[in-house]
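Structure incoming, see below.
Just so it is clear, A, B, C and D label the chains in written order, and each chain counts residues from 1 on its own.
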Amino acid sequence: MPKRVKAAVMTAPGKIEIQEFPYPKLESGAMMMKVEMSGICGTDKHTYKGENVQYAGTASERKTPFPIIPGHENVGVVAEITEEAKKGLEFYGEELKEGDRIVMCPDVICGKCWYCRQIHGYPWCENVKGYGNAFSSKEPPSLFGGWAEYIYIRPDVFVYKVPEGIPKEVAVLAEPFAVTFALDSAIHSSAGNGFCGDTVVVQGVGPLGLCCLIKARILGAGDIIAIDLSDFRLKMAEEFSADYILNAKKTEKDKRIDYIRELTDGRGADVVIGCTGVPDSFTEGLEMLRRGGAYIELGNFVDTGTININVHKHVCAKNARIFGVTNHPFTKYGATLKLFLKYGEQLPFKKIVTHRYKIQEAETALKKSMDEDTMKVVIEP
Amino acid sequence: MPKRVKAAVMTAPGKIEIQEFPYPKLESGAMMMKVEMSGICGTDKHTYKGENVQYAGTASERKTPFPIIPGHENVGVVAEITEEAKKGLEFYGEELKEGDRIVMCPDVICGKCWYCRQIHGYPWCENVKGYGNAFSSKEPPSLFGGWAEYIYIRPDVFVYKVPEGIPKEVAVLAEPFAVTFALDSAIHSSAGNGFCGDTVVVQGVGPLGLCCLIKARILGAGDIIAIDLSDFRLKMAEEFSADYILNAKKTEKDKRIDYIRELTDGRGADVVIGCTGVPDSFTEGLEMLRRGGAYIELGNFVDTGTININVHKHVCAKNARIFGVTNHPFTKYGATLKLFLKYGEQLPFKKIVTHRYKIQEAETALKKSMDEDTMKVVIEP
Amino acid sequence: MPKRVKAAVMTAPGKIEIQEFPYPKLESGAMMMKVEMSGICGTDKHTYKGENVQYAGTASERKTPFPIIPGHENVGVVAEITEEAKKGLEFYGEELKEGDRIVMCPDVICGKCWYCRQIHGYPWCENVKGYGNAFSSKEPPSLFGGWAEYIYIRPDVFVYKVPEGIPKEVAVLAEPFAVTFALDSAIHSSAGNGFCGDTVVVQGVGPLGLCCLIKARILGAGDIIAIDLSDFRLKMAEEFSADYILNAKKTEKDKRIDYIRELTDGRGADVVIGCTGVPDSFTEGLEMLRRGGAYIELGNFVDTGTININVHKHVCAKNARIFGVTNHPFTKYGATLKLFLKYGEQLPFKKIVTHRYKIQEAETALKKSMDEDTMKVVIEP
Amino acid sequence: MPKRVKAAVMTAPGKIEIQEFPYPKLESGAMMMKVEMSGICGTDKHTYKGENVQYAGTASERKTPFPIIPGHENVGVVAEITEEAKKGLEFYGEELKEGDRIVMCPDVICGKCWYCRQIHGYPWCENVKGYGNAFSSKEPPSLFGGWAEYIYIRPDVFVYKVPEGIPKEVAVLAEPFAVTFALDSAIHSSAGNGFCGDTVVVQGVGPLGLCCLIKARILGAGDIIAIDLSDFRLKMAEEFSADYILNAKKTEKDKRIDYIRELTDGRGADVVIGCTGVPDSFTEGLEMLRRGGAYIELGNFVDTGTININVHKHVCAKNARIFGVTNHPFTKYGATLKLFLKYGEQLPFKKIVTHRYKIQEAETALKKSMDEDTMKVVIEP
């Protein structure tokens, strides 16, 4: 093992520098993961821009303990592992050994608060701490983020062994893809019976929106319409089975709504999935919905201010079913990896990572991830 | 049978007069119902005030074909019945004869549009016509509303025989109570598993809110908190098993939210039911909700303008599940009547009708129904 | 139009002869469909063998009014259509004209019995009459089955326009594929949360089992294991995305159960779908299930006698969820046709029809359909 | 604290003797509970009779490590508590102090196996150990059952504080009542939409059946029919809101089925709940069910051999939904206690405990609990 570990550290909003940390000694039950790839997520961009995740996310996302090592979408291999961790760390009880490829749930939960006790699988824990943003790198063992050569895996982290046949550039998508499991139940809540064959609109096909689009297809969607500002992303949505695409830069709001209505005999879509992060998409999406349709909001993770809504028109009269979603279920990494294996032939998961950067290029990478001609940008140490 | 039938006619917004109509001849499959009681509903008030039901309700509610005979919450007895109607009119196939007490679904559906074909039970029919507001009394047989001595029941109306043991002042509640069946599935959509024992807030305990409160109790709610502006209505909520009451006139919004949080260890309620008709209740109710809780909006049936919402805070970060509800399932009159029978001992349904007026007092009755010291006001010919 | 219409008539169990009928005059609202293809179903085989569909199916299936024209999986084109039918016959309200390709729901429901009124979409109608087995061909207009040049479509039949791009040999599968919509809700009833990524066993991959296997894949299954007696059918299951196959002729029951347990870390499958028609498969399948898994029984459509079950072991201790399924939802032809369009690239629906016969070869076709080296056998007039 | 603790010990099937154990020293995180009352459950009777719980229950129930102290339905008060336990032991995070009344979940789970990780709330844990039957009293601290003056509560037990206003004879029912939460989702699985107003049959109204009957009423059942061999129990079912009762000793199977059909216009019940423990009730109950109805089997907890079933008739053609249930959700003690508070006025929970015995009378108590003129029999030290 090396004596020093290199990492990109965000010392304050807008400031990233490369630092070295001592390779730590493992406590009982812990392990070290050699990072193969770490994705850049919208949360990282918000933290960098100093934006406010006031009501969502973890307590630490709400008040970042700078300096931090970002990176919570991580894939890597077991570098060093304690005896206790070999049998105790893998979520499903599989034994781990050095060299095994793994992904990890970044959210560490207490297991004892009301949400941990009553709500299945979701890290709505009142004491949750997130790798990549909740730990100050000033406090040893410091290595709690993926933009680094190594990550220190505490005994209370959920770790998942990656099956043979899933390359790192697909495994790195496990965390954002796990978010899409919110759709599984929500889409069945539209009035009617069942989802299979339904018309689905995805507003915003950045990495999360694209994962949702893919999931809708895996769950048996009928027509899928993707909307985005970027032709690059819309083209990619088509590669991942979108039936129709709509560039929101080149269309008026009313025309977009009309377009959806025309595709659905005037009724509106059965399901609309909001992944833009722009609050105005919310009411636009509700107007695209048929009576009794389901709207799933996953994009407004950061506080971007208020909008106007007509409760009568958008909610009551529409008989809308609306689902807000943050976080992702730690119980669904297994299913996520299984889907990567089973649906990888028809859906080219490998293409989702479009840009790769070294640790020392972390700031460039972060800025690049805000461009429209990217999908998932990753750090590859 | 009489030769002339007396009815209260709304000739324009704000104008009600008493008219007489010829007792009509029945077409094949039709029947005449002698009205015993007809409830006054929020929709009637909106129509009287000339308010806009722009996006909800039936096409006819959206553009009222004055003059009309109001009244769509009707109970009565079979006065005259054609041979075909005896075997064909009762929803569940029961045979009808003169003297039988019945209630009716006011919504007449086409049975052939997409909504009729695909969505179970709900009258989201694209061609729906509602008794009490969709038929001009200028066109014979004119008698399509309950504020009259008789109602003409067309062959395409759903009629339900009232079991022995349910008095008219309880049967008259069948229509608004059937609305509450939207709760049955919605309340199970809060994250967690199941509803039984959950904490429920009911915002607004006028007739519809009170029916929702009662239904929450029948479905196994834990603590129920009723909020209203009227002490009269809050007292009644207590009689119907509310555990806590809160007069919104005497409290600030923030205090009300704090109150709910205090009752729930700081988390917020599992389920909030919005029945005020005031759009600001929507965001207030969402702030009363715990993460992953369910908000059910049944009150903003009429367009009362826009409000501000923070999609991040109120929907996404809250992981809220929101259900808009209009109309009621015509399949649930049977269950409604069964509940009146089974739960009538512990829940004093008879007390819900607080004021009764004659047909000629219809305008007085309508105005009275807007007062805070009323619950259900009815016309009793 | 021709003056005479040729049809294969089953005059008694085991007896099929070719007859000619007069081309009928259409009543108002009716139409004539020129048959392009008519599938042979398990029910047809049972009827031919004189087997007992005592408790399932329609009243007519329970007591067949010989002579009949079999054939209820039908695709064809509009040959002649009344004015009323042009606007009134298509289920979703689309206009029909001569030459349009259509499929039809063979079950004609009353729309008025308790099941029609309360249960959505399923033809559990107490007065249901099924094309292909409920009408004696002795009574004009006689043409109520698909093994004929033409079918007489009554005004109360549900007819569905087939979208461009679906060939007849795929459209002919609409009826059996619609049966699989029972899976959509049932598979979500296994304890756990959601189906996506689950391990699914399909017992018996004849035409219905293969449709179920395909549907499981469309709904996001993880590993799928197909079991059958026929290598021909198992090979086809693999072409349709089965991950593992097991020939029940070449294995012992215990080995089969062990095999499933080995694939699932000793737990058993999440979902088992029973499509063999052999009652012993039921307990075998339950033993393949994990605790809290879902078993869906669609195969024992005909009475094949009793078997032993240990209620403690197979149901209670297993915490099994078991779903019996007959019939198919008439509301799901639209979704079925949509899935044919959307998933046809990755799943070669066209290959499912393996054998085609002329009307005059109907008996040969029926016998052939009992062979192991067939999938769907059809009559193609 | 005393130096010696008295307990009833089952040393082998059929053998109970009174022993004394040293009052133990507490490990960190543990506490001692002074037993107020401990219920006698069917499992205790099976263990005493030496019956086989081969496939259900915990590993320890399957092979009892005699000698044991029985008793897993326990209520008591905190007698002595370690500092760590004060803040860490209560399931919902409430602080505990000496004198607090508590109930406990007898099942101690590992939290790490597949079932613990994937299935919410249910103790299907592969390593579960149950108080009252999984711990040999030969191994200190010995006191792992409720038929004793004190119980040793390990740090990994789930303990629940009992709210003010619930007396011990009601709190003692928390464990069997929590079992009924299996109904909450299962009853909604009958085809149709929703449960409220449904007709429910409860086969067997011993303590568990009575709890199910009560729960059905709390969840909004329509007519409830109770069937049992004991007039004593049937009378009690009536006190708890059964609408109809049927003594199975005095009726033939066919007559019972006919009786249910007559009450339901010939269709059969919407929901049947099996709590007899007699396997033949299973098929009888399925015959009482309407098409698409739900059957919930909670009674055959012990292996009582096989019965005949006709898969075609009882499952497939019936379109039955069948749910096997063992164990109970540890997440639902809170809701259970809330229901005791909210529904105690209309449902006389206090009367369910019909017989009380001292520790030294444990064997008499156990035998008495097999009599027909008892409901819940308890040990009250």
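Note that a contact is a pair of C-beta atoms (placed from the backbone, for glycine too) under 8 Å apart; a residue touches a chain by one contact, two chains touch by 3 or more.
Because the structure is a prediction, the values reported are computed rather than measured.
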Worksheet item: If you take the chains that touch subunit B and keep only those that also touch subunit C, what is left?
Response: A, D
Fill in: Partner chains that subunit C and subunit D have in common
A, B
Response to the item:
subunit B and subunit D have mean C-alpha positions lying a whole-number Å distance apart equal to 40
Worksheet item: How many Å are there between the centre of subunit A and the centre of subunit B, using C-alpha atoms for each centre?
Response: 42
Fill in: Sequence positions of subunit B contacting 2 or more other chains
92, 114, 118, 120-121, 193, 265, 331
Worksheet entry | subunit A-touching residues of subunit D, taken from the complex the two chains share | 88, 91-93, 111-114, 117-118, 120-121, 331
Worksheet item: Once bound in the complex, which stretches of subunit C touch subunit D?
Response: 54-57, 114-115, 118-120, 122, 124, 189, 191-193, 265, 267, 279, 282, 291-292, 297-327
Worksheet entry | Touching residues (chain side subunit D, partner subunit B) in the complex | 92, 120-121, 181, 184-185, 188, 193-198, 215, 218-223, 243, 265, 329, 331-332, 334-336, 338-339, 342, 345-346
